[in-house]
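Next up is a structure, given as structure tokens.
Order of writing sets the labels: A, B, C, D, E and F. Residues in every chain begin at 1.
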Amino acid sequence: MSRQANMRLQLMTWPEVEHYLENRRDVIVPIGSTEQHGPTGLIGTDALTADAIAIRLGETVGAVVAPCLSIGMAHHHLAFKGTMTLRPTTLIAVVQDVVASLARHGFQRVLFVNGHGGNIATVNTAIQEIHAAASLAGMPSPVTAHLASWWDGPRVKGLSRELYGSQEGSHATASEVSVTWALHPDRVQDRVLDPQVAPSNGPWTDALDYRARHPDGRIGSNPALSRPEHGERLMAAAVEDLAERYRPWAGLEGGGR
Amino acid sequence: MSRQANMRLQLMTWPEVEHYLENRRDVIVPIGSTEQHGPTGLIGTDALTADAIAIRLGETVGAVVAPCLSIGMAHHHLAFKGTMTLRPTTLIAVVQDVVASLARHGFQRVLFVNGHGGNIATVNTAIQEIHAAASLAGMPSPVTAHLASWWDGPRVKGLSRELYGSQEGSHATASEVSVTWALHPDRVQDRVLDPQVAPSNGPWTDALDYRARHPDGRIGSNPALSRPEHGERLMAAAVEDLAERYRPWAGLEGGGR
Amino acid sequence: MSRQANMRLQLMTWPEVEHYLENRRDVIVPIGSTEQHGPTGLIGTDALTADAIAIRLGETVGAVVAPCLSIGMAHHHLAFKGTMTLRPTTLIAVVQDVVASLARHGFQRVLFVNGHGGNIATVNTAIQEIHAAASLAGMPSPVTAHLASWWDGPRVKGLSRELYGSQEGSHATASEVSVTWALHPDRVQDRVLDPQVAPSNGPWTDALDYRARHPDGRIGSNPALSRPEHGERLMAAAVEDLAERYRPWAGLEGGGR
Amino acid sequence: MSRQANMRLQLMTWPEVEHYLENRRDVIVPIGSTEQHGPTGLIGTDALTADAIAIRLGETVGAVVAPCLSIGMAHHHLAFKGTMTLRPTTLIAVVQDVVASLARHGFQRVLFVNGHGGNIATVNTAIQEIHAAASLAGMPSPVTAHLASWWDGPRVKGLSRELYGSQEGSHATASEVSVTWALHPDRVQDRVLDPQVAPSNGPWTDALDYRARHPDGRIGSNPALSRPEHGERLMAAAVEDLAERYRPWAGLEGGGR
Amino acid sequence: MSRQANMRLQLMTWPEVEHYLENRRDVIVPIGSTEQHGPTGLIGTDALTADAIAIRLGETVGAVVAPCLSIGMAHHHLAFKGTMTLRPTTLIAVVQDVVASLARHGFQRVLFVNGHGGNIATVNTAIQEIHAAASLAGMPSPVTAHLASWWDGPRVKGLSRELYGSQEGSHATASEVSVTWALHPDRVQDRVLDPQVAPSNGPWTDALDYRARHPDGRIGSNPALSRPEHGERLMAAAVEDLAERYRPWAGLEGGGR
Amino acid sequence: MSRQANMRLQLMTWPEVEHYLENRRDVIVPIGSTEQHGPTGLIGTDALTADAIAIRLGETVGAVVAPCLSIGMAHHHLAFKGTMTLRPTTLIAVVQDVVASLARHGFQRVLFVNGHGGNIATVNTAIQEIHAAASLAGMPSPVTAHLASWWDGPRVKGLSRELYGSQEGSHATASEVSVTWALHPDRVQDRVLDPQVAPSNGPWTDALDYRARHPDGRIGSNPALSRPEHGERLMAAAVEDLAERYRPWAGLEGGGR
């Protein structure tokens, strides 16, 4: 299927959305983060990857894709320059308003395609806050919202294991760096990493503690293994994983248009 | 080791706590829920189990145990009479104040011993909210807080598998019902369950949706298999699992007193 | 009437609550505090007393008793180790959610049985916040909530005057210490108090100011006079006082079942 | 002492306040309400009386008087046209900001002179919220705040008993109506009240419930007994009562200027 | 038209408001500030002027006038003694409650007559917050609220230009000082200003920055030109400007009663 | 100057940001909206234009550009499908966190390049909320934040007047549509508009009221006049206008690198 740029909500007109809603009730919202990704990873990695994969997923399943929520819950990276964060309670309010706006138009299924592990607890909590209001009122919730992290499906996990093995890591991963380099090949970095594979020093509390444990920002990864061409394959795998879950969840018989 | 009732904060005096703080900086906070647990499970199951196991853990590792936070995040059970919930944002505020109170006295390690799966995302979000304030201020967080669910260690998982196999389920589980019956043998129920093993009908949104999917409140469990004597063994296993993680985390050389 | 442990919501099943609601619309919620009570008083005094008296009241009038809200508004005791507090605005949110949960099931009369003077203004404010929403909407409030402090009735006041006279005091009172000793006889303390009768040094602001005025935490009391057997009599008096008010308030003709 | 209009903060210049703060740290803040006061009482009664008495108190003790907080916590009067309310949590935020503003300048003692019973719990809760922040931080609170209701002293109570006996009532009282008529003699009302003495029908919940219990808005009062000349005497008594408490509280040796 | 003191909500009874609402749905709410106005301007300037002009406007168009919101958004003046502020989010809550109270009675058009430039963004934001709730619910907003600053009409602008030319300034303006002197002739100040015309040193951030830029508090003004008699003319011009906009906005055919 | 894609924060690494902060303290944050722009305008118009112009401005003045805040305050457009909004108080929290994150790294000057008129009051209120905290604490604010709307400078105003005269309008303007068409030439629409020039029907309240006044979403505009090539010229003019203001504001002597 060719790229349908007009599945991006930002590039649609309101009559086009109205037309979409005649047959569909599902919508995709990419959510990422703006945070350090080690000496060679881009600060926007989690937003860039979530957005690109969400748009490709939208094209694949014929679903509208909202603009990316580019700033997530990333306080623990603040000891590295450039990181931006929302407090969890702020992000909860944002998710509430995003879902309420979409529900206002009749959207009933909202999938957050997520690019940042640190968002998971907060977004799930926000979804509970939305449903709790319905539960306390004794009313059905007008909308079902879920979060799916793009790296969490079997194909993308298998591929990253195949490509990087134990050097994938868990922050500034080889996979996500590959995806950003596929998207921005002019931003491929060749700076030498030391150590090549970053340490994994257990759970952290605040930003100073995080930096003390993970001195260059990475956790357990070796993004020197990253390649733009890997990025294309990883995105394709992620989209396949997500689409497989999306179609039945969104009630799509034949898999979108 | 014999029961040391005076490790319960509620049963201590302030000079006793002051004395404890001369050598220790760790504290345990049980957190549960007040929610339906099927036709035969007690509404207080998640609080009763968390509290009992936290107190036993405190006795084992010599740690002070705060009073149980008995009302958790349980909106999805509200279509069954008796369920009580805090909205997630309320529970976040409660956790913030609890941790701030304890940090005020010099406690540096707070373990939430959890009895309810529905609390996990919210409590973790609350902990992030606490650390985010430190991160944005560029200050070290005065306290490290973690949540551990009592059923989540290897011993208790193995035992519940051994006792109930696939009939353990995931709400109103055979295990948790056994623990409550060990604690309150006069509340053992012999009401017949129909079906014996409850269905597991996928994720839910609000309370009405939950009840439509899980008509008698249980998910996948057969608590007719529960026995008070199982409860004692499950508690012992849970305490062993938790103590093993607790001692190094709390910086206890020889494992408490 | 014999003890009916199953009036405790935590020990009931949801079908039992559903059955209760066929004839009744009233419910009791104990609320206490976790705060210093002088060198010999237990930190949980206000929660232990409120919970025990609420359960006895529930047995007497046949009413369901929710789990105790054990952490109250106690910031002024924070200069003594072990005290925990909710900020008033947090406690307001908790009370709102507790009442909303109960109202969701059809409970119409919620009595908070209170064990801590410091809770009174905040809980009453929370109740106003609930009713204000109804008033601004021009709707009837679905629920009536009141707070009653257990020491505030004529019988219990008379008895504490008879037992302790002017040495009752107003914090870490001889009466409340007696009640906790009746509940936990193994926690009777014989530490010598100096001075025997604590001073009453006027109103305070924050925790440091409180401690400067009341160096060992007590206000005006001599809990060396406390006795477990007094505790039983005080609880009985409190229950009689509260039941007398409760029955007409809850619309109980013959006084419970 | 003659009227010193320039003790009103609104009528001072900032150099005058700076000069005042060289010797004084105390300030008075009147707080009232905008709510129905029966068929013949003015909607602004509680603000007009609080403001007038606060200004007279300021003149007597030589203290600066802030502008009146004219809208209070009055949701229960909303079923009568013209009533305005703040939600309790809004009023808490207002009191926090008012006190923070004054503390910023070095004011250390803030007396709220109150004209409305419905404000008491909320304002006291707000003061606790302020002090709780200090207590949790382990810092001394920069400011001491108290609330004093103008009708609550021995002289004014004695005088209202003498003038109206049991027909004083508890809302739209004969006393407060007299005070407003002293302040606004052109607003003396001669409308006949029916019944002359309003009923006292117990506690209420929301606005609809209040009106059902108190059909014309009054509680237990007969404001047909009110007289402008009573109002002057009541204000004088209130100021004497308040000044007696204020001087030692504010640390005034000789009683102001 | 003569002064109709009874258009002030505070001086009305509830039956009078009920009578008003039989034919009218509009109401005026003055909003000011309590903040430094240079060495010779009164701290209450913005509230005193807004209140006086709002009352005169109410008399002119026959509209009810609520009590003045005397404390506004004035944090930037806090480095001068006596200034009081609400945080913007507090003021938003106040405006929400004020409008909700009035809407509860059937008022449909609320005009905030404003005396302080610093309130404009916040009050407009509050009005958006109110309407956003309606928009998200898909419901019509029950009320239309607008803010009009008294100095913003053609007549008053022309007159201030005629009287003061470029020495009007933008804080502690010659015009507003004249209005306060008309209202409180006993508070006319003759202190010499240095420099006569205050500097205009660009936009500020916080209170310390404001004071560094505007050392005596004024911005660009020369209030030594102010005269009480100017104040009367300025008020008359402001009322004429406002009434011209108010009548069609409030749906008044012949211009009030 | 050539495009320096690496001025986009999302495409930088943390060492690059650290390097930038050695000489610079300024940063640009684009803020837009996701809302209907008439039958032919793109829903993302305000975000797409703000982001593109902010990036070009960043390239021109050598400043880092944060990711675009794509969802703004747009409740009034919610009656047209696809519009998304944050409530004003949510957007205030977002702006607070964004600025706090940037200030954490030492950024001292934050310029919000704005693409949506509806954001202005709220963002300015958020900036006041930030500064109010500093003012109340008596501390200097660590950061100066301003908002500049891209269409608000002399060059862009002149050009839009030249190109479209009175048919520019004020929502879904011919100018902004041209800019989006320059950015996304494949999204040029040729749908016929009826009427060609949309009506301007005065101020609105909520979304239903907005749609009743502006049936196809536009206000006063004729975007049939829009051309991609106009868009390039308008962006260039906007960047010139903004850069002229930015350089002295950011303390750039020679105008960036």
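Keep in mind that, in the parts below, a contact is a pair of C-beta atoms (placed from the backbone, for glycine too) under 8 Å apart; a residue touches a chain by one contact, two chains touch by 3 or more.
Values in this document were obtained by computation on a predicted structure and should not be read as measured data.
Colleague: To reach chain D from chain A by way of touching chains, what is the minimum number of steps?
Modeller: Step count on the best path from chain A to chain D: 2.
Colleague: Could you please state the distance in Å, as a whole number, between where the Cα atoms of chain B are centred and where those of chain E are centred?
Modeller: 55
Colleague: Just how far, in Å, is the C-alpha centre of chain E from the one of chain D?
Modeller: Between these chains, centre-to-centre, one finds 24 Å.
Colleague: Based only on mean CA positions, could you tell me how far chain A sits from chain B in angstrom?
Modeller: Going by mean C-alpha positions, chain A sits 31 Å from chain B.
Colleague: For chain F, jot down the residues that touch at least 2 other chains.
Modeller: Only 78, 85, 87, 89, 97, 101, 104, 135-136, 138 qualify.
Colleague: Taking chains as nodes and touches as edges, what kind of graph is this: line, ring, star, complete or other?
Modeller: Graph shape here is other: it fits none of the named patterns.
Colleague: When you check every pair of chains, which ones turn out to touch?
Modeller: So, checking each combination of chains, I get A-B, A-C, A-E, A-F, B-C, B-D, B-F, C-D, C-E, D-E, D-F, E-F as the touching pairs.
Colleague: For chain C, which residues are in contact with chain E within the complex?
Modeller: Of all residues in chain C, those touching chain E are 135-136, 138.
Colleague: For chain F, which residues count as touching chain E in their complex?
Modeller: 73, 75-76, 78-79, 85, 87-89, 92, 118, 120-122, 124-126, 128-129, 131-136, 138-141, 143-144, 146, 203, 205-209
Colleague: Where on chain E is chain D touching in the complex?
Modeller: 5-6, 8-18, 21, 34, 36-44, 47-48, 64, 66-71, 78, 80-87, 89-90, 93-94, 96-98, 101-102, 104-105, 184, 186-187, 189, 191, 217
Colleague: For the complex, which residues does chain E have touching chain C?
Modeller: 97, 100-101, 104
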